[in-house]
């Protein structure tokens, strides 16, 4: 088989083997760990880029393991949706990895760096494995890998992080278990685990109760893992106490992956007819998303600690995506998929800023941001860019996804969703100006604070993300045309 | 399987589960939990899934009870359990009833047990039953599916074991910053136990190796064999003391072996990629292994892969035990 | 050099100027020179566009943001007039702000001039934008750049003023204007302005009315009554800011956007057929009356001028709302006239503050004797704003009155007359007190404002009188717009 | 070790003469007897564990009773597997011998475990029962 159609394996294999090599090096030759990591992630990113381009030209690519035909062995089917998500994962993990090179030295004791990076790359393998797989049970196994390695990585941040991660572990396992029960019901009814085959068998059993139960279990399981409104309790607790180098990787991708799985199940397993016509829970779900946005924004305002504010902003952003998805209008679905890209970059940038402020100014209170604007140049620029995107100021990507969400919501008559969107934009505007006013209207401290020269390994990824946010916005047309090919014909 | 025994076992399992949650003394609830796993193992055998029963017995009853006991030495024995306030109780009650109802609702139109027309028996499993032996020469179907058809899943399961070991090791390993608190366990030097265990350990390890090697023909395989080998090491650690065991297999070497186990599995699957076939396609090994056709190459590679799994699982169980018992200091402990 | 490059130049020159000001940050003289040069070059470009022959409708598409809408520019009669006013007055204001800044020796003046230049670039962007999205983008950039100016003093009440400024403008634009724009995009599929209006007539009228109200109050810079509170609050800014921005650039951008919406999106005939112009005129009339009444008992001079600006803006909207050709021409002409009149008044208020540190009218008895030139310029400015003969204000008000008569809306005529009376009521007591009362504290001898705080008001006062005689320069251009009715 | 040798000789005899009816009969009796005894001892052990007053006595009952009854039942199983095997080839004998190995393993393991428990109880100073004290 030529190099090109081995790509789906390379994209997963490279981080897996990097992790294993780092595992060996951590014990044998700890100095080489960082270099191998860099080589691994760059080659992986390159592979994902070529995969994305080949999928764009020649449509869906299939890859069977142990070349057993589809339903009997495990099969990868890579269409535009997962090629796009893999590209996103690699972009975010490349930037997070560069950022972590310095932040791990500050946060994690030196004798554990090798082990930390092994788990880091296993987490990346899990994330990519979830996105690329075409087999429901294989997806569960990779979900376990992600979950376990994220528990270990999150808990490595000291006493309080361990306790918070324990709660996350309990709730996360319940979520994964619900997903598995759902897949089990599907298996019993259709006898196969391959998503393609599930898609063919399911229409014949639309109106049986076991399909409904499977749908409910899979949905609730994924809602727990993506921290949608009523089940979001674990997210702020974990992301405020966990080490920055982990949250930089996990926060942008962890919750977005569950949304990707949801989209994959809605469009390519249950089928849009089932989701949008047979079950008429659309108004309920849009109301749930609206509540998620409002509650997320309100809590974000009332928290003064920076990282808990961001955590609640993430909860609100999840409400955007789910709301956009459930509105069902092609514009809003395309906007919600586009918002997955935009929101991951935004969350990554927010946590990098939290990191630099924490490392250099040792505090997260709003007063610390008065000093940030004075002393940390690059951090304040990226703070302005990221909040412009969250609020939705035109050149940034946040504006475009919000615009198309409102457009779709109006077309389908969900006005409460539009009100929630605008409320959350004003809420995030308020949050930003609370930080900016702390700087602009406060007397400069007596010995004029000197400009801190931020470490190059911090500033490089930050600049990368900020330009990414703006670039993603300006090239909205291209992404919109790419994404609108994903939406199945039934909804278009 | 007589219907009577099945329902009896299910009721017993239910009682044990409730009792193990209800008891306030942790040690006894761990013992009850061990009993619960043994009964689950009987139920699996009743349902005909012997491999799963074997794993449940080895892991569920055997090793996890040991881990729980090891943990209890470093934490409290009594539950300081603040009773939930009423609202939390009501909420969790609704949650459980709701899930239960949903599960029951789902059951209503599932196909009856083993009925031949149901899709679950005609779709994928029929293919395995008919062609597994022809394609891989492995009489034990479960191992064939486990190690060849869905080998990718098993590779990641081994990764899960490896992550568990590495995670526990990394979290508990003391980095010298926190003050070390005195552990309550003291090594025992009872002669009788030492002699008995020194007599038994070789047989256990021999049996473990037999289980690994014999995975193709009888229930067992890399995972169960690895657990037994790990248990033998734990037995030695319990009979003697940690210092003694560390000479046998030091912590660094344990972690290294754990990684090498996964590398064996993944590496074995990577070679076909270099030979131009898809990942984990064992028939590519026919070219390398002298005098084996494609089908025999499959069964041999399954054995190799099982060995990889056994190594990782052995080091995994041993590593977890060592971290838990010595609370990350690896010097004194049970 | 085609017209489009001039348009792009008008937007880029102030940005380059801001960069140059930043470079010369440490050396005040070069910085002021750079600011002056930018103002002149900008005015030159706008002048190049300023002849009726060249105005044609093609648009320049820059980047296609999403299907059907792109950042695109074009220039028609309305934009040229507005750009002319803004750029010409920028030169005068730069001269004035040099005097004012030196007089009250404000801190971080470089940031002041940079934000000023950026604000002007955003104003040019709004003037020349060809669709609602580009207009919205530059509208937001203008709010951001002026936020720093309003909060310039960086003390407690500057913070309060800037916060109110922020809430009203951003709240309005994100909360109301953005959704309205998106809904229009959803209904029509495009956002480009064209005179016959793009909104389909069959769309249900209540939704269209709701959208209209969202636009009216969304573009908060126009200061229609319930959303006007930010304008008096913004008086906390240094006077050059309130003079150019809050009398000419910022507020006119609000009115300009509303005119664009009324003529470009809705189209004049749709407005008449659905009786929306009655709604617009009603809101504007209400604003005019209440603003003038509040201005009556204001003691702080700048707050008084702020409320009178709110009133005058409502005049313009009312004029355009009449949808009769004379009314629209009068409204657009009033943009020019009011700009020159109001900027003179703000210059004089600033000059008084610089020399005597007096803000409140009650302290200004007999100030005319001490600062005759400033107060005489103040007098001419007051005449122009109230619309009395020797100054240009009279002509635009006269045209608006005739427009009201053509559209036979007698109530609007009455509102015009009553409000002009009210204008007179709150301006002339100031002038009377200044000239005919003897000052409370004995201060003999002429103590005039510094020279470069004195020349700009005289220039603008002279201009408003000049405009009275040859207003035709503007009317020929404006006819291009109204010709279409 | 001697018992193992005896057992292997017994199995060799049985395997040769399996088809003779009287041997079938003896085998049946043997299986039933060992099963019955095994179950009886199990019953005795559980009664002992419940009735005995303190830690040590209960362990005494559990330790001994358990080992003996398991061995008996396993013996019955191996004999039964020999008897019921259709063709008496090498694998069935191997299965029976494997069960013998299990018996050996339990024979060594179970008492050691009981000894370990009692020693631990002794080290943590559990006071044994005197004849007039209440149960603890």
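By written order: A, B, C and D. Residues from 1 in each chain.
Note that in this section contacts are C-beta pairs under 8 Å (C-beta built on N, C-alpha and C of every residue); 3 or more make two chains touch, one makes a residue touch a chain.
As the structure is a computational prediction, the values presented were derived from the model and not from experiment.
With centres taken as mean C-alpha coordinates, the chain found closest to the middle of all protein C-alpha atoms is A. Top contact pair of chains, counted by C-beta pairs, is A-B. For the pair subunit A and subunit C, the distance between mean C-alpha positions equals 46 Å. Subunit D has its Cα centroid 29 Å from the Cα centroid of subunit B. A separation of 103 Å divides the Cα centre of subunit C from that of subunit D. For the pair subunit A and subunit D, the distance between mean C-alpha positions equals 59 Å.
Taken chain by chain, the contacts run in an open path, each chain touching the next and the two ends left apart. Inter-chain contacts occur between A-B, A-C, B-D. Subunit C contributes residues 63-67, 133, 136-137, 140, 144, 151, 154-156, 158-159, 163, 166, 170-171, 174-175, 178-179, 182-183, 185-186 to its touches with subunit A in the complex.
Touching subunit C in their complex are the following residues of subunit A: 391-395, 400, 403-404, 406-407, 410-411, 418, 422, 425-426, 429, 433, 437, 440-441, 474, 476-477, 480. Residues of subunit D that touch subunit B in their complex: 105, 108-109, 112, 115-116, 119-120. Those residues of subunit A that touch subunit B in the complex are listed here as 1, 6, 9, 13, 16-17, 20, 23-24, 26-28, 63-68, 71-74, 109, 111-112, 115-116, 118-119, 122, 125, 129, 137-138, 141-142, 144-145, 148-149, 151-152, 155-156, 162, 181, 185, 187-193, 197, 201, 208-210, 212-214, 216-217. By the touch criterion stated above, subunit B contacts subunit D in their complex at residues 188, 190, 192-193, 196-197, 199-200, 203.
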